[in-house]
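Could you have a look at this structure, given as structure tokens, before my questions?
Going by the order they are written in, the chains are A, B and C; count residues from 1 in each one.
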């Protein structure tokens, strides 16, 4: 899970590297932070994906190392006046407190994980009064709002379709090419005599398909297979020119 | 299931099941011969006989199911009439939501969406008058299709089905969260 | 309820309840003093301890509720009605922990503690029903404040927020704090 550093100076988990530097077991002057960062970037390239937890740990450690090195290389506090120094210490204390706080919650959250896992393994009886005693309950639904219903629906739909939702951060590949769109379009234009420009949207089932059909239409126009006619401020009509044989030949090119 | 508390497993299974469970099914799920199951079922049934127990094991519709004993009905009635205890269960609400948003819909389609057999819950919702059969699907193996009733609209305080909360209001942030969640999830 | 099997009545009631039932409520429905209820609850709980029993009684969210024992989960999965049991990521658990201990808390405060924007994770936790808006902060630029739900307590198997693990036990050791402090301190 943790990122493994592979440098001449040190090989192992990055968290341990920080501990070694802090304990003065390793010399910060010997450590090239540039190499460290370059190796990490190469690793990410290799993995093809960024694991945020690993990246967060790396950034924290790298930033701390840079800070240590800077302070060693440029002792600056003597140049600060009293006010600036005080502000600096305050900022440092705040940072320290925040780091410790975040670490505390991260550690306790593992207990949460265990408890929830155990809780999910214990099942409740969900039938409640069940069918044989249903007559006893006056009107259970009256205690629910319409929003509860929507939330329940949303919950169950999400629970059963995780794979579909998980790809939302990736741009989906169009399922057809412009060429395919062009052929479908032509087929449709030949099948019906009277064609309005809306064919572009009527055939499409998604935004990306609208674009594909539109591009297909443009190509057909470019190839001289179709013509577009617009009556003044009216709808655009697509007309097919030439005969079928020619057209099939043209699309096969 | 060898050398493990079979009786406990059967009790746990009957406890969570919404429908009667047959000996065949118990034998399949627990990977234990039927005769062993039968022995344990009898032991469970016997242990429930005493007056200090509130549930009983009944053989119904070819299977076994736990029921609360009829003698306690007066107390259960009081409990049922109390507003705080008479909410629809999560399972029932989920099922009703699916029927409301996807009607007309068959029992098997509801089961597919929920991932569990939902016949018992569907029956409960029918008995309560929230859903009703609408007609049959077209085709040879036509399944009964269900939808919500006028009474359902009344209880929910809705003028028509069009007044159901729009799902779009819930959907986008969830998809986003889910996508992010998956991105953040460590797959190592 | 005089001269009647109180224990059986309690069991029957817990069997049909879809939420944890408090001692107060049991006392009201069954018309029996609370201390008698308590005695019977303990007797029920004790009788469920054995390995041959598949159910257990837990004190959850201020009430009592029957659950199937966790050890039988592999056999029950296909019967279970809970459809929302996908695992939470590390980020989600961390955020949940912060909300649990610091509630009421705003989104931006969570982000400050975690050091990253946590809105998407917060939404996910809301949708899962673990956290919910509690109300707004006072003041002109009032932010929505969040807290954990009763469902959260149920899933965590906790009676109340006071049963959360003690945070102090998870505070980093003093040496680590010192090491960090030394790192941050100018050593010139």
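Assume contacts are C-beta pairs under 8 Å (C-beta built on N, C-alpha and C of every residue); 3 or more make two chains touch, one makes a residue touch a chain.
Bear in mind the structure is a predicted one, so any value in this text is a computation, not a measurement.
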item: Taking each chain's C-alpha mean as its centre, the one farthest from chain C; value: A
item: Closest chain to global C-alpha mean, per-chain Cα centroids; value: C
item: CA centroid of chain A to CA centroid of chain B, Å; value: 35
item: Separation of mean Cα positions, chain C and chain B [Å, integer]; value: 24
item: Between chain A and chain C, centroid-to-centroid distance (C-alpha), Å; value: 30
item: Overlap residues in chain C, where contacts from two or more other chains coincide; value: 15-18, 66, 68-69, 76, 79-83, 90-91, 127
item: Where chain A touches two or more other chains at once, by residue number; value: 52-53, 123-126, 128-130, 133, 151, 154-156, 158-160, 162
item: List of chain C residues in touch with chain B within their complex; value: 1, 5, 7-19, 21, 25, 29-30, 50-55, 66, 68-69, 71-72, 75-76, 78-83, 89-92, 120-121, 123-124, 127
item: Chain C to chain A touching residues, read off their complex; value: 15-18, 56, 58, 65-70, 73, 76, 79-88, 90-91, 93-94, 96-98, 100-101, 112-116, 127-129, 154-158, 165, 167, 170-172, 176-177, 179-188
item: Contact set on chain A toward chain C in their complex; value: 18-19, 22-23, 52-53, 56, 64, 67-68, 71-72, 75-78, 88, 92, 95-96, 98-113, 115-126, 128-130, 133, 151, 154-156, 158-160, 162
item: In the complex with chain B, residue positions of chain A that touch it; value: 1, 51-53, 123-160, 162, 165-169
